[in-house]
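Presented sequentially are two complexes of chain A, the first with chain B as partner and the second with chain C.
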Partner chain A sequence: MRHRTPQAWLFLTPFVVFYVAFMIGPTVWMFFASFFHTSTVHSGLGPFAGLDNYLEMFGRADFWSALWHTLQFTLYTVPPLVILSFVMAVLTNRVARGQWFFRLAFFLPFILPSATISLIWVFVFTPSTGLWSLPARMVGLEPGAGILSDPSTAMIGIAIATIWWTIGFNFVLFLAGLQDIPRELYEAAAVDGATPWQQIVRLTVPLLNRTTGLVILLQIIASLKIFDQVYLMTEGGPGISTQVALGLITDTAFTSNRIGAASAASVLLFLIILVIAIIQQVVSRVGTAREEGS
Partner chain B sequence: MRNRPPRAAPVRSVESPAISRRRLFGAGALAASTLTVAGCSTPLAAGLLGTQLDPEVIVYWNLFGGGDGVRMQDMETAYREEYGESSLQATTLTWGNPYYSKLTLATVGNQPPDVAVAHLTRAKPLWTGGILDPITEKDLAGVGLTTEDFNAQAWKAQVTDGQNIAIPLDTHPFTLFYNKEVCDQAGLLDADGLLVDLTGMDAFEAALAEISAVTEGLAITVANVAETSTPWRFFWTLYNQLDAATPFLEDDGATISVDEESFLEVMGRIQSWVDQGWLNSALDYATSQTTMFTGGSGFYLQGEWEISTAQSIDGLEFGMAPIPQLYDRQAVQADSHTFILPRKDRSPEQRQQAMEFIKAMLEQSFTWAEGGHVPSYMPAFESAEYQALEPQKYYAASADYAVYDDPAWYGGSGSTFESTVGAQLGLVQQGVLTPEQALQAIRAQLEIYTSTPSPL
Partner chain C sequence: MTAIDSRTRRRNGVSAAAPAAPTTPVRGGGRSFHVISLVILVVLAILWLIPSVFAVKTSLTANGVAALGAQEILTEMRPTLESYLTLMRQGDIWNWYLSSFLTSIITAVLTLLFASMAAFALSRLRFRGRSLVYLLVIIGLMIPSQVLIVPLFEELRILQLLNTYWAVILPQVPSVIAVFIFKKFFDGVPKELEEAARVDGAGLWRIYWSVIMPLSRPVTAAVAILTFVWTWNNLLLPLFVLSNPALMTIPVGLATVQGTFGLRYADIQAGAILAALPLVVLYMFFQRQIVEGVTGSGLKG
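Then we have the complex of A and B:
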């Protein structure tokens, strides 16, 4: 640290300028604006609001429902995205020949933009003519209004699209972690008579602990940030049954022109994500400590 | 979901007091490159330098898709033929809340279009927010327009705070589409094959009963599932036909002033039609159309713009009529597409040019009217050509008693207000809520908006 020179700052400047202008600056502004009746169409912060914006958000049923939908989406997507990607990585790692094909196939959807995957899945879920309607009818499901038009299933539809889309990222992280595990360990275990299942449970899972922790944390944060797919696939509908926190914030800021109220909601969401991240860290620390202790 | 890299910021050359050799060279290269780019006055250079696009070019934003979009493009082409290929830069954006957000942000960011389209009811909150330049009598006179050139109802509706805020292109009322085959069997067509006069609740309900006997089911379809605007249009039309009707909102949206008795009367009536089996209890936008097109019902209510869809159905014999007067007076929900001048520093020449563009569009009102909209520009409305246009001419008069949504900072076509209220009205039609419950839910859900100060 003592060796930091003015030149270092010079090299950092281009990045820092953008980071301050587009990240730190707006974030600080957001904290201030949340205490004012700031409007999109007027310059400046506007009249002082005190805690009004926060109190309003606490009292709004649609704010709580948007938070719940965000959490609901997180609950729907995080377990499959972590477990399925782990399974896929383990299986791919065992493939001797043509591994590149599986790596490519599982990762490919991830490179698509959210607009593209949303379109694809809206087509898939089109009532009565979509791809999904055929297997749905074969297992005896009512076609009805379609998965995305029914308030009780719309979020599941969005979750399925998201899992298909982003699983490749976690898959790659797990695969990299797997390839770091020395082969000798497996050979030793095999010599000791461990079955493949025992090898996975006793060797792979514990040795991947750090990767798993990272994947879970990244995944929770990514899922809490859900916006694109909801906006593109259902626009928060039917009604407000899939409206998520960021959707509500966008509507408040840019449709209702109420930057102040939207800032308050953003601050609350920021705090929630922070708390969840801290809890996750604490839990994984405790887990690691207990393991090392035993 | 995941972060995308931020967009590159506009590059500006900065004057620096202490210029090193290397920076001088760099600045020179940058200046040289910007000069060449600016010389072409491309949109790219204008965007990078924050300068105005060639001031001779009219930048025009609109929100027209579908048949309207095609017709608007024809009108733009005609303008280009007269004023030169590069005289107009037209951008079409998706309609709805995001359109007005973009317009607002572009204006606040000092990069608005020269002319934009807005719904009349949405121009009001834009005006309140200081997004619009008023249009003066001098502007109008400069291109030979006067107040009398416009439909009186639409013109009156756009005047706000004593100023002209928008120039109406059309009025688009809620209308009645009817299936001629079904109505013929029900004995509801006159000698010319047109729908007979159905003024008065008794006559209308008798007609519904007759149609229902023919179709052995529905008589009239009005979309109410996954659709919030249509239930609102339906309600607002019938409600305003009552003498006791008051505005739904007052004080720019701070007060809910709806007349409860009238609300309950209209929604009770709608529910009774569903109970009789005349009106659908749950149909989405597209199915409410196809049901009537295929003879599953006789009447179908929607804005006149669906004329293009109806005309595209092979073998469909349909007619259009104004929504009959069922209660005390004539009224129909409507809005207008208007031209607005977003707030901007303009030279007198640029103002004149923008007005000329608007005038050129108004003069092509007939092209526009083929898509169903009733022209607001009276010379076009009164032309023999339009007066002979079928089925447009049969409902054109309803523009004269059009009722617009009440001004509110969260109101207007496709707004938060319409979607909040429309959703509850749709549920009444579905039989999920009683009219009383719907009114209670509307009051509760609008409370967020009535109790917070307008951000405009």
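Then we have the complex of A and C:
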């Protein structure tokens, strides 16, 4: 290859311009604005604030509660999303004919808009007459105010809707990983007398280690960025019992018009997610390098 | 263990997006295990289908019946399209569809063009600043763009783009994942093909446009469809940068008006289904590209 600097930059410029304008630029601006009393009511960055915005966030109970709810949502959704999707993928992979049906059932919700899934699940969770109340009553649960209207259960309702919505993503990742495992391994294990259960525990689980690690990290990152379902299903309520980090950020910015304070909260969430994303990249790259390096 | 490792490695090299290998049930297992696992699978699939089926059933029920409760909806036997007709007569839905289609299509076209051009340079050309660009792209994989909503809003306000389609389109164009998907594909295209074109005197643009891109139709289709779906489904950005109801995308429009529907549950569910319908149709036609694209973006991104 010859050096073709000018021509290469002709090909790169459109992407790089957009990338700098709408990714790098806003990131840098966010860090700046977090040190100023920036507001939508006056132009420019506004008066210098030093660390005030950060100190304010650290001192606010609703900031910690939003972080806690984000973590709570992550804890509620990640284990079922990982374990259940693994089960679905392993079982679907064993099916000889009609796989398309199970792929459709598990994957289709994933490509639906959050507005659609939220409207469906709010209706399913309608207090006392909704679809959810039928099995709930059968097992003797009090209908009460409804799962989304009770501060102690609202997040569980959001988690259930989310698991239904996004499990298809993990499902197809696991399915792809499963199809990379050579069949001969199972045949050899079967010849050695391993039961199907032993094959799953001793072969499938260890061979999918890397996929599982990736799925867990991707899932944690996705959960930390939760906004849509909360905004659409409970608007952070009842009270602030389901308010999450991104909800607090948009409220601070667009309802209270306090861009500087919202930027400080954004920076904190940004850094938390960045750390996990770096771990995910390292895991993914080390795995790829090991595969390619042999 | 080494033998196993090298075998899996070879398989992994085939790319996770490779078409599903034909599968036969694993032999050697007990028959009872096979039956139990099939039963569990079918139960899970039914559980997963119930919410969508219930939403469709509700949307085909009269509002008066739907308001009574789930039991009445499930036992109602006279389907009606009334809710769909009501929504279509109101007019807003057509504006929202227009907005969703326009923003998703324009975003997909610009993303395809710019990402494939950048990937072409990264895959085929040696130039000064290459490692810097590559580093930027890798950093981009780790930036959570949703968290940038506040500075993006300020930027679009200063550029006076709020309440225009461009406010939804422009920030979604720089897709780092699209660059990665294209670069990975281009890396696998044999160089001999462009050598022939180069001997014939073709310039770089000709090689990109007339040699590489025509060979890349499958990956182009996958990136186009995925970008379309992601833009269609984005809520956060259009929610805050579009406040004019006539410009709203269909998820934002629905989310905004659902409060005014009150007890018209059938209408609400019909709206939910109309917002998803184009994507379901897309899935029916491009199932393979969508699943492979999502898998590829997950493993790479």
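By definition in this document, the second predicted complex is superposed on the first by the 267 of 294 C-alpha atoms of A that agree within 3 Å, B and C clash if a C-alpha of one lies under 4 Å from a C-alpha of the other, contacts with A are read in each partner's own complex, and residues count from 1 in each chain.
As a convention for this text, contacts are C-beta pairs under 8 Å (C-beta built on N, C-alpha and C of every residue); 3 or more make two chains touch, one makes a residue touch a chain.
Because the structure is a prediction, the values reported are computed rather than measured.
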According to the stated criteria, A:238 is in contact with first (chain B), second (chain C), both, or neither; which is it? first
Touched partner set for A:22, first chain B, second chain C, both or neither: both
Of the two partners chain B and chain C, indicate the one touching more residues belonging to chain A. C
Contacts of A:5 with chain B and chain C, given as first, second, both or neither: second
Touching A:30, do we find chain B (first), chain C (second), both, or neither? second
Tell me the contact category for A:94 with respect to chain B and chain C: first, second, both or neither. second
Taking the superposition on A as described, I'd like to know which of chain B and chain C A:129 touches: first, second, both or neither. second
Contact residues common to both interfaces of chain A (with chain B and with chain C): 18, 21-22, 40, 114, 225, 227-228, 254, 259
In the complex, go through chain A and note every residue touching chain C. 1-5, 7-9, 11-12, 14-16, 18-19, 21-27, 29-30, 33, 38, 40, 84, 87-88, 91-96, 99-103, 105-116, 118-121, 123-124, 126, 128-131, 133-134, 164, 167, 169, 172-173, 175-177, 179-187, 189-191, 194-197, 199, 207, 214-215, 218, 221, 224-225, 227-228, 231-232, 246, 249-250, 253-254, 259, 262-263, 266, 269-270, 273-274, 277-278, 281, 284, 291-292, 294
Partner chain A, residues of chain C touching it in the complex: 4-9, 11-14, 16-18, 20-21, 23-30, 33-34, 37-38, 40-41, 44-45, 48-52, 54-55, 58, 68-71, 113-115, 117-118, 120-122, 124-130, 133, 136, 138, 140-155, 157, 170-171, 173-174, 176, 179, 204, 208, 229, 232-233, 235-236, 239-240, 250-252, 254-255, 258, 265, 268-269, 271-273, 275-276, 279-280, 282-283, 287, 290-291, 294-295, 298-300
Chain B-facing residues of chain A, complex: 18, 21-22, 37, 39-42, 46, 56, 60, 62, 114, 145, 149, 162, 166, 222-223, 225-229, 237-239, 251, 254-261
Mind listing the chain B positions that touch chain A in their complex? 1-2, 6, 9, 97-98, 100-101, 104-105, 108, 129-131, 225-226, 284, 409-410, 416, 423, 448-449, 452-453, 455-456
